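There are two complexes below, and they share chain A, which is joined by chain B in the first and by chain C in the second.
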Partner chain A sequence: MSVIEADGLRRSYRTSTGVLRRRTHEIEAVRGVSFTIDKGELFGLLGPNGAGKTTTIKMLTTLLLPTAGTGRVLGYDVATETARVRASIGYVFGGDRGLYERLNALDNLRYFADLYAVEPRIQRKRIAEVLDIVGLSGRERERVEGYSRGMRQRLHIARGLLHDPPVIFLDEPTIGVDPVGSRELRTTIAALSAAGKTILLTTHYMFEADALCDRVGIIAKGQLLAQGSPAELKARVADRTVVEIEAHAVTADAVEKLRRIPGVVAVTLDERDDGQLLRVQSASGLELTQTILARLGDARVGRIATREPTLEDAYVDVVTQGTRS
Partner chain B sequence: MSRAAVPRMLLRGWAIQVKDSSSFGFFIMSSLIEPVIFAAIAAYMFRAGNRPDALLYAAIGAGMLGVWIVTLIGSGQALTFLRHAGILELLIVAPVPFVLVLAPITLAAATVGMYSLAATLVWGWLLFDVPLGVEHPWLLLASVPATVIGLGMLGMLMASVFVLFRHANALTNMLGYPVWLASGFLVPVSLLPDWVRPVSWLLPTTWGAEAIRTSMIGGHPLPAIGACLGLAIGYFALAALTVRHFERLARQRASLALA
Partner chain C sequence: MNSARVFFRGGLLAYKALFNFKQTAVYIPTMLISPAFQILFFAYLGRYSGLADDNFFVVGNAIQATAIGCIYGMVLLLGNERQFDTFSAVIATSTRRGALYFGRAVLPIANGIVVTTFVLCTSVLLLDFRMPATALPAFGIVVLVSAVSCAMFGLTLGALALRLKDIWIISNLSYTLMLLLCGANVRPAVLPGWLHAISSCLPLTHGIEAARKVADGAALSQVAGLIGIEALIGGVYALLGYALLRLFEAGDRRGATLITV
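Let's turn to the complex of A and B:
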């Protein structure tokens, strides 16, 4: 039985521009997204910023009404049976907001335990349990304003688990958390999944999705472009090779020239603090490194590596094809 | 949620909000220092009118002005803060009706507003020789919570607008002084146009001030306490409807979050 169902979910927003002559525009953030998540499954929703991940999660958690389509959690309609849906879910979002900063962690948890009707006789035990799960035992009497970002995020997860919900929505839970904190959070999420929770996770960290998710869905421009297990998605690009080049001053023109090389399937250029990372996907068996370097013009080139495709390459392939069509 | 769980949740919510507001140093400082101005207004007005006997009457009125302003502004600001802090969505997504989440928030604002009344009376006594006496101490103990409940529920009706609109401050700013005037805090309602009287009867501020005044100066506070609590029930019922309606509209218009 599917625990979470999205069937043709759509959501549009109205925005307006101008002061005297106001013009209203309608933006479609989610355009007919459909997927199902089975009991105990960890499903990852991947997509670039503005793809519609958070809007989808907000519709399924009852915070937004769908413009069209239906969403169900444990069989309850997210638009009309809100109280039943809300009692069954834990909702955790990323970032350092969502907590009473001037209060300590214990006060934050007690308040939400009352809101979720956790019985007083088990409240103390349950709070101790969730603090233990997220590794905050012993720090609960400290004010939240003194917590690191990672600790706040773990407190968020503890809050979301207080009523032991069977379904958990995690909206970019590791965003902005340092590598060690992120790894600890991933361990916590994996433990929740192992405990049988049904989880919908949104992220744009591919290695996170690859490591944690049973299945992933790739969403771009409000449409679900592909879904399957990480292995299935990686199989889409198994016949390719990826050349990865650390560089400086690669121009948009150069990237366009690379795209025109016969055999090249996709090219991405990520800006990083310490330079740029160029990834060129091509059909396997082709040796294109020298051709690529020749077309980079005045760009300075550092480390060059050729490797097997990853989930990230599958994601790039899906998003590139999806946004072209 | 069981029936026993509701009072516990309301009490915890109220305590959390009072604790959160009270841990904000600047807010407490302004709550304690601003009443000097309220006390001064009362003292100089009534001294100029050669009514030194009415100084306590005026000081209570001035203090109630502070309570009302803190409740009105505090209730709206609480919602604005919750939205900015990303807590509003988490409260909405809790399985209890949002009106039960909102009630302790505005009751806490009214409770914190009581600092202002207490400070006005103390400053008036210290600086302007306002005589402090309590005619019916036990009834004063009933008048204060009745006033807090009455004002908290009126505050909740105002705060419900903030669930839908991100910038509803203009509405609350606009309501501060008309309610103050119509409640007869400093100018008796009998001096105002006749049509203001029915308006004043519908305001828990009027009855709260009356209950506290008659408890301290002398008279019969019980009818005012009853009126205050009766209006609180009415405003709660009204707020329950508006909160439910505005929550649904906010889900439709996507205005629960900042963006």
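Let's turn to the complex of A and C:
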């Protein structure tokens, strides 16, 4: 039996603008998303900003009612059987808000241990355990006000684990956490998964999804465009080659020109602190480097490398195909 | 069993987490000195204008002083959830809402009673306020019922604070209006009809009237009616506040207005 089930989930938001002539319009944030997650599976939901990941999670955690479709957790309907669903899930949202700043971590956890009906006689032990799991032991008597972003993120996770829920939703759990901390958190998440928890995770880091997830779903503009194991998704692009070029001053115009090269499937340009990173995906076997360089115009070019495709390339492929049509 | 923990310990932790005035350096001036001066102000105004004796103002303002703890307490303990974006984490739990919301009233009520006791003591020292010792138990009951009733009004205001994204306008405005309307300094009977009508629907109005009679030597049985009405008003606000909170919670799931994370 699947533990998490989304069946044609839809959600629109109504927003209004203007003071005198108020205009309301609807944003369709999630447009018919379906997937199932089996017991003990770690499923990653990937997608660009505004794709509808958080909205999907909020529906599955009972915080938002679906406009259409149904969601089930452990067989309970998220729209109607809220108390059952809430008692069996942990919900961790990304970011540094959502904690009681004036309380220390211990009191934050005590409060939520009561709200989650953790038995009084095991509370002390359980709180110590979750603090240990997220690596905050020893800092629990400091007020959250003084916590760094990463520490807050860990406290969010600790809070979501208090009642030892069989199902965990993690919305960007490593956002704002330093590299070493992120790696520790990934180890923690992997351990939870190994312990049999069913986990739905969102992240913007493809290597994280690749390392952790049994299966991933790629969502863009409210629609699930592809799903499968990281290996299956990578197989989509196995017949491709990726040329990566470090550059400065590549223009949008030049990127357009690259897209028109025969054999090129996707082009992305990331702005970085130390310049730009241009990635050109093409069918393998074509020697395109010279053609690409010729079309870059006045851009200055640094290191050039050709490599095998990764999950990120599969993701880029799915999202560009999906949003083009 | 768990509900009792959520009610008492949860109420205490929420107070530590969300009440802005809990540090001593803030608590003493806002919760103790300011209401004490309020009494002195009105008592001297009364002496100067010859309108009423010290007892009238002291008793009225002392009961009114519970509103400082109860109104500000409840509005902050609910409305501040928005400031910290903690509300969605709270409602994502399956905890009993009755224990959750009413537990938040425990500390504000205690706080209101502390403030009232403090200003009564200062009035004994600084003004001609006298009350027979035999009246104390009955007076204590009036204070308790008034504080509970006022906190339930605060629950309603707190629900609105959560929805309207405001804590200060709502609490300051209600406190000031109550100062005028509840009869602490102006007998409701002299107010224009519509204000008088509002006044009789507010908490504290009947409590203040009862407290004055008790301080003048009336027995508890003689003010039972007034205490009953005060309790009834509190009960109505308790239901209203709770219903609003549940309504907003449900509206949230439909419209995503409270949830900001």
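What we mean here is this: the second predicted complex is superposed on the first by the 325 of 325 C-alpha atoms of A that agree within 3 Å, B and C clash if a C-alpha of one lies under 4 Å from a C-alpha of the other, contacts with A are read in each partner's own complex, and residues count from 1 in each chain.
In this section, a residue touches a chain if its C-beta (ideal position, glycine included) is under 8 Å from a C-beta of that chain, and two chains touch if they have at least 3 such contacts.
Remember, it's a predicted structure, so these values are computed and weren't measured experimentally.
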So, after the overlay on chain A, do chain B and chain C clash or fit? They clash
Just chain B (first), just chain C (second), both, or neither: which does A:G95 touch? both
Which of chain B and chain C A:Y205 touches, first, second, both or neither:
neither
Q: Would you check which partner chain A:T62 touches, where first means chain B only, second means chain C only, and both and neither mean what they say?
A: both
For A:D107 in the superposed arrangement: first (chain B), second (chain C), both or neither?
both
Chain A positions within both the chain B interface and the chain C interface are 13-14, 61-65, 83, 86-87, 91, 93, 95, 97-103, 107, 110-112, 114-117, 120, 159
Listed in rising order, chain A residues that touch chain B in their complex are 13-14, 61-65, 83, 86-87, 89, 91, 93, 95, 97-103, 107, 110-112, 114-117, 119-120, 159
Within the complex, chain A is touched by chain B residues 1-2, 5, 8-9, 12-13, 16, 19-20, 23-24, 85-87, 89-96, 101, 248, 251-254, 256-257
Listed in rising order, chain C residues that touch chain A in their complex are 2, 5-6, 9-10, 13-14, 16-18, 84-86, 88-95, 100, 252-256, 259, 261
Counting only contacts in the complex, chain A reaches chain C at residues 13-14, 58, 61-65, 82-84, 86-87, 91, 93, 95, 97-103, 107, 110-112, 114-117, 120, 159
